[in-house]
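Next come two complexes built around chain A: one with chain B, the other with chain C.
Coming up: the complex of A and B.
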């Protein structure tokens, strides 16, 4: 049997159902909960209790993972409000955002082709700034403004940023792999 | 067995209830067993005072089995029956072991995992490992003076599901109650962190005999949280020996050395490698099977040059772990070295160079994993002392996914997810009237199924005929706290649902373990039945005691019907416990466990609710 979880992720941690979450408080609540329900606490208990512990710990991990990440948290909150972010189905984006996307993508390809790690790091900083800005918009849309349609659109945009950042990371990794990162310390051949 | 653990996690049982629990490091080259005695963990020595047990098993033609040093002495005269580094073959197929080059064993392709033809018959790596574990279990029971309640067995963090399952099977086969499979670098972090009361973000660099792990952990206020892990389950100190042996083969023109000569070269290579840790050059004499005497030498500089590619190979996973943890090198507060192979000076230099700090080596790199496992085992057995209330949060090392159309992998659970974790993915039919669907579970990071490891295949049958795309088939992955996966699938549009739970293909069923135990000639049937009955009675008593306590505490959570049902279940267990049929008792215990699960769930819910209410009061009070 699966336990009936009547609480949503926020309630599970005793947090208000809101986009603004104090990370320290979330972490403390998560650790408190895991401290009570983790299977390690029940390793010598009955089979039934161990099963229940695994289900609860699984649930705590899922809730923590969702609330810790701002995009996942926003998507989850929107779903609670009855809004679907439509990331798979709704791919329409404002033209200026699409232009920006294309420029970034070209820069990634360019950086990868030229093995230019500095350019890629710079690009990641630039995207990081955009991300910070969008998070602020998202906090406003889901907070005081209660503009859930805008929230959905911001979640879709942030998903794009995630993908580009992953591409940058892949490119940086490819560059790191291609250059031997380790140089032998001075030990001329054949002496002893 | 106390349900009190729900409300009082720090509670320690009475001294006479203290359960004997050990930590076992089942290593590629050496294995160790450790236990917590008088509040500190220590490795348990054999009668000669040695804590390391070489992970070598020798099978004699007369059915005799030798393990450890005795087995090691047979390596050069009877290599085909002297199995060393068996950990490399756990959960692996013929194609995997071929990568290790010339080995003196007769491998046989068996379903799921290779087997080895020995003088004593066909042996699976699980059985060979079980011999090592049995030896350690006997050592522990002798030295602790009683039967073991359970053991924590360590595995490389980068072990995949098949390798983990094989390890757990080996422990069960050795008669051990596995309290937990624990990742080796995490075990080291526990020993290190508790010993030094450390706080901060640490990298554990663990190069063992045959495996390499790099884990990033955050240690804060009694919580050990693994942020990411990476590694290579086929890279270790053994490869450095191989590199030396290959170098000598080339320089001395020994291209087609026999199995026996290979073993002699490898043994000499290991000695030379170990001496090069402190000396600038080392040499060895080897007598080949045809009588030729060889004088083999190596300087440290040569050694460092021929093994530089191996050292470099550790840096890829290191970068990956940092990236997955979202951290830069500067954010690491300390680097802990684990595994005998980290004694090599050029490896230490490389690690220090990469992390830009000197690694920590204040615990014996060969013992630290077993010590950490012992501390965890002691806690899991319920022997926590007051205030000894730390929590461990570990991750899965490799993504888990499903094969979709075109041989592509759809990831269901990404790597570095904190365990236990469950995730469901929905699929649909692609043909009208399709009534069955093949489910293929894979593990790995690559896009193509063929580049990932296949864990299990099963079919979901009995889907009601519908038009293509109408069925809603939810495939659920559950990874438990040991990092082991189970998968279930169900169709749930029509109310008609079919579901199946699979064990990955390398896992042994309980029946298979029972058969293997039966094959293990050292117990008569009557002995085994008596032992099984005694174990079941202990289980039954524990369950009944726990249930009584639970009912006393939370009687209000039970309806009269619930109480009646639990009463009937309790009565059947009591009746079966007075009988002599261990199977009947097991069935009664299982039935009562199932019956009591909703109650256990409600109790957990109450415990959580009280905690939440308590926190709110605290907040009010502090404002």
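Coming up: the complex of A and C.
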């Protein structure tokens, strides 16, 4: 058996080509495939057979990692449908969305400067809610709606949330490392 | 990441940071974002008589190269007509700042930002406005 590189990630695991993936089913299919191509099983096999098994294992890993992550899975599915998410090239996000990003980034900068962990944690919750909502929109766009343009736009938007969450974590870490007295000196309730 | 001296200079002493008042006459805004790195850039121009850009301001959340690219563009566009400013290419920005290949997208973002600001100006004040007069 040689790895069938013509099959897509979903087909490789016997899953329907769809955004909605049952994590337990994906996990089971992955373990099953990995078990069949594990190098231990090919210890006494020929050089060529071992090489093929290794290719299978690599292929299964890549497919599993892609399908497990919602954004990666969405991007992959969109590519199968012939849509490029434009994350590297599309800079024209809706102005209100960009304005919101600016405001959030300003709040992070501000919270960091004032050592206000409460405000930053509040902001993180707010962004978390926004993320949950976007994931629901994404599932709808790629599911029933088959609105792939909207799907591309949502993938792009979610990348900005990734960034701001990383910035918040970074700021919180910086605050945690600073003197505890500074935290007490920060505004009592923050802005949340 | 080894930044060039010019990038560091713009990063440490960014030119024209800030915003114009929303209702200020002749002001237009371009906002763009790069999904892959999460950078956000706002670039504003203030266009005076004769369609010449009198002043420019920016606010960028991003890496040093993105900040330097937008800072440089605000310097370059001053005194230029809209058409001239619209002719600025990312390759010129990247060359001036000696950006490494992985940071080229920062210069593209700055080019897109000035283009967006010019488009906003034309939408607000009409296609021809002063730009035509200046070209005469």
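Going forward, the second predicted complex is superposed on the first by the 164 of 192 C-alpha atoms of A that agree within 3 Å, B and C clash if a C-alpha of one lies under 4 Å from a C-alpha of the other, contacts with A are read in each partner's own complex, and residues count from 1 in each chain.
Simple rule for what comes next: contacts are C-beta pairs under 8 Å (C-beta built on N, C-alpha and C of every residue); 3 or more make two chains touch, one makes a residue touch a chain.
All of these numbers come straight from a predicted model, not from anything done at the bench.
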Query: A:43 contacts which: chain B (first), chain C (second), both, neither?
result: first
- prompt: Which partner does A:54 contact after superposing on A: first (chain B), second (chain C), both, neither?
  reply: first
- prompt: Should A:156 be classified as contacting the first partner (chain B), the second (chain C), both, or neither?
  reply: second
Query: More residues of chain A are touched by which chain, chain B or chain C?
result: B
Message: According to the stated criteria, A:14 is in contact with first (chain B), second (chain C), both, or neither; which is it?
response: first
Task: Considering only the touch criterion stated at the top, classify A:164 as touching first (chain B), second (chain C), both, or neither.
output: second
Field: Touching both chain B and chain C, residues of chain A
entry: none
Residues of chain B that touch chain A when the two form their complex: 1-3, 5-6, 9, 19, 149-150, 179-180, 221, 223, 280-281, 299-302, 304-305, 308, 311-312, 315-316, 319-320, 323, 346, 349-350, 353-354, 376, 379-382, 389, 391-393, 417-422, 478, 480-481, 542-543, 546-547, 589-590, 593-594, 596-601, 604-605, 607-608, 611-612, 615-616
Chain A-facing residues of chain C, complex: 31-40, 42, 59, 61, 105, 108-109, 112-113, 116
- request: Please name which positions on chain A make contact with chain C in the complex.
  value: 85-88, 90-93, 95, 97-99, 101-102, 105, 155-157, 159-160, 162-164, 166
- request: Within their complex, state which residues of chain A touch chain B.
  value: 1, 3-4, 12, 14, 29, 31-49, 51-58, 61-62, 64-65, 169, 173, 176-177, 180-182, 184-185, 187-192
